[in-house]
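Below is a structure I'd like to ask you about.
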Amino acid sequence: MGIRIVNGEVIDPAHGEDRVKRDVHIKDGKIVADAGQDATVIDATGCVVMAGGVDIHTHVAGPKVNFARLMRPEDHRYEHVSREDGYERSGTGGVAATTYTTGYRYCEMGYTTIVEPAVPPLGARHAHEELVDIPQVDKAIFTLLGNSEIIFQYLEKGETSKINEYISWIMDATKSYSVKIVNPGGANMWKYRADIHDIDQKLRDFDTTPRQIILAIADAMATLGLPHPLHLHCNNLGVPDSYKTAIATAEAMEGRPLHLTHLQFSSYGASGKRKFSSEAPRLARMVNDNKNITIDVGQVLFGKTTTITADGPFEYHLHKLTGSKWYNGDVECEDGCGVVPYDYKRKSFVNCIQWAAGLELFLLIDDPWRVYLTTDHPNGAPFITYPHLIRLLMDKDFRREQVEKISAEAAAEIPLKVLDREYTLYEIAIITRSGTARRLGLVNKGHLGVGGDADVAVYRASRNWEEMFAKPAWVIKDGQVVAKEGKVTRQVFGTTMYVHPARGFADIEKDLADFFESYYTVNINNYPVGLEYLPRPELIPCQVKA
Amino acid sequence: MITLTLKGKLSIPLEADSVTPDNLHDKSNHQIKEQTVYWGNKKKTIGDFFEVEGERSDRITVVGDCAKVKLLGHKMSFGAVHVKGNTGYNTGSYMTGGAITIDGNTADYLGAMMEGGLIDLKGNAGHFVGGAYKGETAGMTGGEIIVRGNVGHETGSFMRRGLIAVGGNAGDFTGLFMLAGTIVVLGKAGERVGANMSRGSIILMNQARLLPSFLENGVVATPAVEIVLGRVRELGLAPAGGGRYVRHTGDVNAVGRGEILMRVVNRNHLQV
Amino acid sequence: MVALQLGGAPAATLGEVKNRADLVIFWGSNPAESHPRHFTRYSGSAKGRMNPRGRKDRYIVLVDIRPTPSVKYADEFIQIKPGHDYEVLTAMRMLTNGNRPDMDSVGDVAIQTLERLVQRCKDARLGVLFFGQGITETRGKHQNSMAIYQFGKDMSRHSKFLTLPMRGHYNVVGSGNTMCWQTGYPFAVNFGRGYPQFNPGEFSVVDLLKRKEPDAALIVAAEPMDHLPYEAARHLENIPTIVLDPRETLTTKMADVVIPVKHAGVSVEGTAYRMDHIPIKMRSVLNSPWPKDDEPLSTIIARIKAIRKEEAET
Amino acid sequence: MKTYTFKEFNKAMALIGILNTARTLKQGATMHIAKDAPEYLEAISYVGVSAREMEKAGISEGDDVVVISDHGQVTVQARKMDLQPGSFFMPLSYLANRLVSAETHGAGVPGFKNTVVTIKKPDE
């Protein structure tokens, strides 16, 4: 039976609709022109109707997320989802919540699609096992290839076609959706307790540079026609003058499509009394001038969190800085990872600059289709803070109040204090669903046009944007009402999206067999993740340009 | 006065975090009986397990062998809980004020993560007295715990403020990862006292073998010790006064500003 | 596990050891007997990127309280006094951080020996310290592992250094991982109040049995009658016990109900996690008439839910 | 009351020390046959004692000895092993586990390698 959402105001930026009073018809899991006479009617009077949220970058599954859970029992002790509250599966909360809790919470905010962006190939099987246990949302993983020794070997020899073939193979072997690069070459150097500081710095084991790695992978991805372009975490992240590396990286792309992730963490300069400043305005200008580039922000919000990244050297740096717990997990031949708990404090000058830099990126990048809302969950803040972040963007008075609460020294220096822009609901819909869905190449998501997936969030309009986005009145997933008034009412499972690029660029079978025999500790036959790990697989086609 | 008398013998533990003055002080006798307790995997009421006398009081007396009753006085902030018998795990955990008196013994995590108030235990305690739960990097932040009997391992782990006084012996790792605060052991302390402590004071009335990462730092007779011991006496223990103490500083592998003061038992000590 | 929760650790997958380690220390671990293939595959004679000659490219140190059969594979054996691991590690941390302990020996080991070992760690391209149950089950328990991790973290200021536990038992890591993503905790989880609570000592199986608290037990692929202290395990003899196991064990002999199931990784496919948390696909090689582990469990859950529902309705 | 010469007294004296239990290759390999298989029983039914202490207590290789702790006792064969005096060894099994304390010190892990035991010849 279908559903008809009536009396609501539809915001569907993909079709240019801004608060249009029209009905939304749903049948068989899709948006349709007419749901029929017997459709259930949802009266959305006083509500705005949007497509379900699409999160382009959130660390929710895989080995390093599980280490973050493991390492911090104190993170789970004070929050839980209980059988008594009517949830199908109990779990614990905190910043690195358990899988079921993660699914419920995303759903309760009106999100219906999430992407885990950093899985080393060896951890793909683990990540997929966790995705099976994340309900309520569609999901996908990106595979980490920025420190792949196999790619490095081919790079040294200039064997482009073999890189194409390998990436195609590894996409299939990991049932992944796209490629993520984290600190290209940096994790490899970290195996010597060193790091990369420049995109033209040579690695120690291999005759190659971050610039070559990035370009080779970006070109291979274009050749394969992957739906989402290269997803890049820059070298030198999180330190003063990181913005220079970000700009150099963007320039190196020479017009190729690129998604720079959590750019906020790369937006620091070394000016000012404390030799730490926000250079977000420069980066915003860079994004405004380069139409090939999209970014997500990775906003920092104050409070306790756990940082999780494949950037091993950065996490060690953070551990030395804070003296807090530290987990490091290097992955053979592939990558690394680190986990460090962190507390963003309003009293800390550096944290305040970070907080402001993220907001500056949001407010200074003109085209909302090229900037997306993330907190790099949980690195900047846990994803449950999104409604608060939305209020910061939409309400300049609220933002000013918050600026008054931060360290006065930082408040005096940040460009944020002169920015008056307020996001509109239409723009929020772009940065949280329509824009992300488009950049991910998900043609059925992020819009409410006929043929789209029936993932819908109905928010009760309010001037307090935080309240409004925290508790949608209805959330519909695949044509079923799954949450009401910000509470899950029905447990459903979404699909896992993956790609299956074309093969046949070169013969690498023997190379791989030799490489696995020599350097891996797993058998190549046991390495690929089969479709049996994806109970609800959804193949997204690649678009190879002729 | 509210009196709860345990009806029978428990084998499956009871989680009775509803038994605090905060929760019961404004409740009628009937309402008290209706308060939730968890028994194994079942949700039950106080009335299912206890005879309840009295109502509307911030003084609660619990009678019976409550060795299987956990979380008594959990998070309490005022009033008094007097247990005439033993108690189970987590007694007085997270408490911020008021007083708990236990006539018998208790299990692990007595006063864990405590922020304020007073716990007076007549018998023995288990491990982690005034300690931190697994993974926490800050334990007890205030209040006083007096144990007249013995305690187990890891007493006062990650302690940040407050006082723990032990009349009997202590297990290993007393003052583990201690950040500040004071621990006094009148009996014998086990091994590895003060491992990884950054700051804070541990006063031992008997000899103990210390880790290599503590440096002997002279003999002192400090008034600060006498002030602490004075308070310990007020709370009902009887440490000998007026002694001299060998001061050890450490743990050099941590910040190294902690001190272990070991009472000089005989004159020959310094030659040993 | 608990030690990891206290402070984290510098770790890596075993391929890192195979490819790069030039110094391998085994502490309280006897790989020759407990992990017989570890040595040839990863830590001893294995050849890798930086270790093309295998064993010749590695210096191997064994630290234990007795000369175990592993000694013959080591370049150096350091014998320490039983129960003194923590003291020795404390001294090693001091040496790493530039402090010299004020004594000639600790735990029967000369300070010079430790100094040499610490210097070796500092000079290593990649040093790896594997520690076994000799550390975790002796006096100090998880605090000993904690000291190892702390040593690893201290050493990370000077050189690339890893500390890795030698986990035993087939797929114990897998059960820890799954528990962790579903409940937030790796073991000792209590669902009594409708949500997961964690407290080793309070909710761990040995302690529960010792205090005689459980009134029924469901045991899946475990052998408590053999592997747990009898002081704890004997409580199982007095309560109703259901056991799922592919073969006869001391526990099935004692159980009230035994449900034979397929042997995971032998007659049913699945995923097992290696000690370095790498998931490995297990294939089915033999046929078995029995159901998979999850089938009887699902049936039991469905039945309990139905009963609960009936109870709620009446 | 029996009186002893010094030598006799030494021989009648029980050995006291710390029992270390651990996996052995043979125990690991034979435990999958069956828990009551003779191979498994052979692999687990011994206690390792240093040569010096065996001599001190008048025990010979292969003698039956009683190992006693606060938690239980078992009779197994004595075997000479390269150990420090005051420490004994048994393979991990239900026999050794009769002796081990279930106290976990809040860690969830019992002290498999930290049990105080007494070893003596069986009473005649």
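A, B, C and D are the chain letters, set down in written order, and residue numbers restart from 1 in every chain.
The definition used in the following text is that contacts are C-beta pairs under 8 Å (C-beta built on N, C-alpha and C of every residue); 3 or more make two chains touch, one makes a residue touch a chain.
Remember, it's a predicted structure, so these values are computed and weren't measured experimentally.
Undergrad: Per-chain Cα mean versus the mean over all protein Cα atoms: which chain has them closest together?
TA: Going by the distance between chain centres and the overall C-alpha centre, it is C.
Undergrad: Ranking chain pairs by how many C-beta pairs touch, which one is first?
TA: Chain pair with the maximum contact count: A-C.
Undergrad: Centre to centre, by mean C-alpha position, how many angstrom separate chain A and chain D?
TA: Their C-alpha centroids are separated by 58 Å.
Undergrad: Could you tell me the distance, in whole angstrom, between the mean C-alpha positions of chain B and chain C?
TA: Computed from C-alpha means, the inter-chain centre distance equals 32 Å.
Undergrad: Averaged over CA atoms, how far is the centre of chain A from the centre of chain B? Could you give it in whole Å?
TA: Once rounded, the distance between the two centres reads 46 Å.
Undergrad: Among the residues of chain B, pick out those that touch two or more other chains and give their numbers.
TA: 108, 127, 133-135, in rising order.
Undergrad: Check each residue of chain A and list the ones that touch at least two other chains.
TA: Residues 71-73, 75, 77, 84, 325.
Undergrad: Provide the list of chain D residues touching at least two other chains, using ranges where the numbers run on.
TA: 105-106
Undergrad: Let me make sure I understand the interfaces: which chain pairs count as touching?
TA: Chain-chain contacts present: A-B, A-C, B-C, B-D, C-D.
Undergrad: Which of the residues in chain B end up touching chain D in this complex?
TA: Chain B reaches chain D through residues 108, 126-128, 152-154, 171.
Undergrad: Enumerate the contact residues on chain C facing chain A in the complex.
TA: 1, 4-16, 18-20, 41-42, 47-49, 125-126, 153, 156-157, 159-160, 162, 176-178, 180-186, 191, 193-196, 198, 271, 273, 277-281
Undergrad: Given the complex with chain C, which residues does chain D contribute to the contact?
TA: It comes out as residues 18, 20, 22-25, 28, 31, 34-35, 71-72, 81-84, 86-87, 89, 92-94, 97-98, 100-114.
Undergrad: With touch defined as at the start, can you tell me which chain A residues reach chain C in the complex?
TA: So the residues of chain A in touch with chain C come to 61, 63, 65-66, 69-73, 75-77, 80-84, 89-92, 94, 96-100, 122-123, 125-126, 129-130, 133, 149, 191-193, 205, 316, 319-320, 325-333, 336, 339-340, 518-522, 526, 530.
Undergrad: Please give the residue numbers of chain D that touch chain B in the complex, ascending.
TA: 105-106
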